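One structure coming up, written as structure tokens, with questions to follow.
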Amino acid sequence: MAHSSRSLKAQLLRHDVLLLLVLALEIAYFLNFARNFGTPDNLSNIVRHSAEIGLLALAMMPVILTGGIDLSVGSLMGLCAVLFGVLTHDLHWASLPAASLTVAAGLVAGAFNASVITLLRLPPLIVTLGTYSLFRGLAEAITQGTKTYRSFEPAFLQLGELRPAGLPLQAWILGVGALGFYVLVHRTTFGRSFRAIGFSPEGARYAGLPVLWRTALPYLLAGGVAAVAALLFTARLRQARADAGTGYELAAITAVVLGGTSIFGGTGTVYGTVAGIAAIAVLNNGIGRIPAVLKAGIGGELASLLTGALLLIALAAPGLSKLLQSVRKQSTLPASANPSPSPTH
Amino acid sequence: MHDVLLKLSGVTKSFGAVRALKGVSFELHPGEVHALLGENGAGKSTLIKVITGAHTPDGGLLEIGGKAVESLTPERARTLGVACIYQQPALFPELSVAENIGLRLEKPGSFKRVDWKARRQNAAALLKRIGAAIDPDAAVKTLSMPEQQLVEIACALGSGARTVIMDEPTASLTRSEQELLFGVVRELRASGAGVIYISHRLEEIFALADRVTVLRDGESIATRPVRDAGGQMQLSEEELIRLMVGRPVAAIYPPREGTPGATVLELEAVGCAASGVNGISLSVRAGEILGLAGLVGAGRTELARILFGLTPADSGKIRLENREVRVDSPRRAVELGIAYVPEDRRRHGVILQMAIAENMTMAVHPRLFPGGVLRFGAERALALEYMESLGVKAYGPEAPGGSLSGGNQQKVALARWLATKPRLLILDEPTQGVDVGAKSEIHRIIRSLAAEGLAVLMISSDLPEILGMSDRIAVLRGGRLVQTLDGAEASADAVMAAALRDQPAQPAFPSL
Amino acid sequence: MNRYFRELSVAGALVLLLALLGIVAPQFFEPQPLLSRLTAQVPTLVLTIGIAMVMITRQIDISVGSQFGLCAVLAGNLLTGGLPLPLALPLAATAGAAMGALNGCLVAWLGLPSIVVTLATMVTWAEVLRLTQQGRFINLPAGVQWLGLSQAAGQTALLAASLALLAAMAWLLKNRSGGRHLYAVGSDAEAARLSGINPKATTFWVFVFMGALAGVAAVCNLVQSPQVDPKCGTGLELKAIAAAVVGGIAVNGGRGSLWGAFVGLLLLATINPALTFLHVEAYWEKAIQGAVILLAVVADGIRSRRNAS
């Protein structure tokens, strides 16, 4: 029916608009009430500090688009960071080969998730809950719970400092990542099949799509991206620790859901995810700069709290509005009849 | 005169443009087994759903136990003593048989004490009454389908239902299980309950039923007693078939044209044990429409799924244009040039939430989007082309599939597969749930596709459609091919008789 | 016999492990340390009972660790403020139930996936805790630890109480129709609805009950030491889920027993000290926990695929 799909479009647009509105409000608020929020220095800080979560969110988006979830990306960051530390410090590898092996390890971890989920048809939730524990556990075991790797090759640490063409390197990497995922999700047949699988795995199968491979791909990518995020994180903080990336999976999922991707799969946009990342990054940064918050030193906690609350609201909103709509529409539809869509002709 | 358990007078029911029931009258007396007969699409399942409260009729009168009933719900139907045993049992797989029976029969409530001993005893007693050798403690998921069905029957027995509906109960039972079932039916009848018995097995109907009602095109055509007062058979198979299929002037179908070319598909004793399909040998030539006829459960869709790689064959040979092939996945099928427009349009044929254009191009990604990069211009052009040639009515190629009518959805599904330029096109119920206008459009399209050289395998439960469209007709029964007929010469009676014919060398049932 | 194969194999593994310990490290069985180790598992046991019930209903709740911590801090502060000890339990349970109700509303009435909802509430409660408590320990008044009894007596009391709770809940799940509703809803919510069960209400109450148990578990933990550590709940949800999964509770719902989850907990709780006695370092704990979850789930997956074909 003509207007049901137009109103679907209208709904989507509304979500994007709302998100941008939230983002604008945040920025306006912080410009007024947070100290030094609008300075170019701070703005570049926002980007630098959100690169890792941003990358994870971008990788998480296709996973959720196919109707799955990956809770292990934050832990994998920790494991990859530690792995990099071991390679460069204990085995004295040069940074580049160590980084390459780290990314390869991330891909292997992603492939592990992918194969258990697709081949054994196990729920992604419990599999990635297990790897969430396993990966972090391995990181802790390798570092014996305490070890921190500190000194790295200056060339590597440059990653945290470089400013090609005036913009922090993280901005470039995030930009490339966003572009890459945009192309993947919106401009390739892979992305098309992600959506199809998210809406109806059976329907996708009947259309001859390679459902198993396409379901596995997002998890594989998420593994690789987590490794890259770990490298960026390590370069920026100048240390590699087992607790790298703690809680990042939540921020990533929040950014994705906030950005309009349905938690049930099928619908979602990469630019929505980018807007979600921006909303969270701005929130994290701005909150810590409000004088009262700064004084009390509770910036981090408040930001995480608001992120959690934001996720709840983002989750509940579509459901609530649908509930309200159906209450309004309590009409005389019999409980049973096969509903026939009204013909367009 | 004994009171009537169930009475329907002039009941009508429509779904959108489709009139499923056009005025059905039916009566069930206590202590009778009343068979309900009719080909697929005659309205049997709609009628049953009206009786069990799953559907509300649009018009007519429904009386249960002599009292008129308005807006019946499934819960209310159950309290009024109506029980239905479907082919797909609705049991809890993880729970035990005893618990399943208990949950079904006990009154709901959250704080009651569960008496496991009583549950087990009750279940055991009911199962014993049926004569089913099923352990009450076994988890339902460990039971076979027929065993689960027997559990359903136990539930019906236990609920003390007075109107028991059995929908094709013997379809998947072994001979000994069938005997059990007949015993149950006998017991129900003796206890004064009424049984509505839906079956295509004429031998069973003759052996079990007291009366037969034939449905055709949503109307109750006739109700006949099987035997007269003296026990003599009053009804014959020919008469029943004639009642089932006899219809006025046939609809107009596009004329057959051209001569068929080379053989495209050849099946040699193809089967798949898990699907219940066995030893099918047939062939389809280019430019030919082979109609696949048979009753629901005869194995037609199962054969299609085998050919499309959803449930690959485990016996026999499949030859495509004289080359032997193995079709082990839908992807492989598409590569080989096999296309399948499935029966369940809304779940498998079209992804409702995605646009028409996206649906139409879903099977041709490698060809239309080389390198995996989407080309929206090419996609839109393809969509517009098919929308025009097939006459899809929508506001544009970006309209979601779910916004279209059934006929238009079917055209989108068809377009998806035509875009793959297949060698073999398998159509499963291509005009089911489609209004009359779109139906003839689709028929025209299918015939012109064949004329262009496509080999078409068409599964249909609509006899006139099979007769009007097919160049040749293959009739399936019980997972096997029982007869091949020439399309132009076949009669409805012949096809139906073949579809109803039981396996050879089956002993007659003792009369009950 | 086959019905309980899963639970029995876990029990078998436990027996084997205990036997191995008996041979290699008999000091594992010294009474007082053993009692202490067992009592330390009581809070996790209480959580496991709740989580098992949630999973049987085909849901999950990863916010229980945060609920636990918040209830512990709440109770601790109230006790320090003069609340009599007997009131601590019902108050903590109520606070937990309220948090569970939030989960329940979002999952049951709005139909949202429980993993994401409880992920959000997990962080929300954890941050509320961090904000309000700032990592400060709470010093409990005298008479709270060990319920005012001697250590051994207190430990025995706690153990006995938790086992009684386990037995009671296991009995309820088996012998009260409300308990069976969890299995029905977890097995097939639609069929349950057609049988007259209300799946939404069932789901809602299971989350509320889980929250209440989190509060109870918090108090059980609180009475075991003179201080409340606000980080006490961290990671407990995974321990409970691991125990349930190992003990045979299916993630897809409808299957498993509390006794099985209990044995699963015992097995996991024995692995860690066993590692110590076998000279494996403690920092392997999380990795082993994750590996055990994966092993249990993969084994179940392989078994069900083999059964299906």
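So that you can tell them apart, the chains are marked A, B and C in the order they are listed, and the count of residues begins at 1 in each.
In the analysis below, a residue touches a chain if its C-beta (ideal position, glycine included) is under 8 Å from a C-beta of that chain, and two chains touch if they have at least 3 such contacts.
Because the structure is predicted, anything quoted here is derived from the model rather than measured.
Trainee: So, comparing C-alpha centroids, which chain is the farthest one from chain C?
Mentor: With centres defined by C-alpha atoms, farthest from chain C sits B.
Trainee: Could you quickly compare A-B and A-C and let me know which has more C-beta contacts?
Mentor: By number of C-beta pairs in contact, A-C is the larger.
Trainee: Would you mind pulling out the distance in Å between where the CA atoms of chain B average out and where those of chain C do?
Mentor: From the centre of chain B to the centre of chain C is 48 Å.
Trainee: Centroid from C-alpha atoms only, then distance chain A to chain B, rounded to Å. What do you get?
Mentor: Measuring from centre to centre gives 45 Å for this pair.
Trainee: Roughly how far is chain A from chain C, centre to centre by C-alpha average, rounded to an integer in Å?
Mentor: Computed value for the inter-centroid distance: 29 Å.
Trainee: Mark out which residues of chain B touch at least two other chains, giving numbers and ranges.
Mentor: Residues of chain B touching two or more partner chains: there are none.
Trainee: Enumerate the contact residues on chain C facing chain B in the complex.
Mentor: 3, 174-181, 183-184, 186-188, 191-192, 194-197, 250, 253-255
Trainee: Taking the touch rule as given, give the residues of chain C at its contact with chain A in the complex, in rising order.
Mentor: That would be residues 60, 62, 106, 109-113, 115-117, 119-124, 126-128, 130-131, 134, 238, 241-242, 245, 251-252, 281-291, 293-294, 297-298, 301-302, 305 of chain C.
Trainee: Give every residue of chain A touching chain B within the complex, in rising order.
Mentor: Checking each residue of chain A against chain B gives 1-2, 4-5, 8, 186-193, 195-196, 199-200, 202-210, 266-267, 334-338, 340-345.
Trainee: Where on chain B does chain A make contact in their complex?
Mentor: Residues 15-18, 49, 54-56, 73, 310, 330-331, 333-334, 340, 342, 347-354, 358, 362-363, 365, 369, 372-374, 393-395, 398-400, 402-406, 408, 416.
Trainee: Under the stated contact criterion, what part of chain B meets chain C in this complex?
Mentor: 74-75, 90-95, 99, 103-104, 106-114, 116, 137, 139
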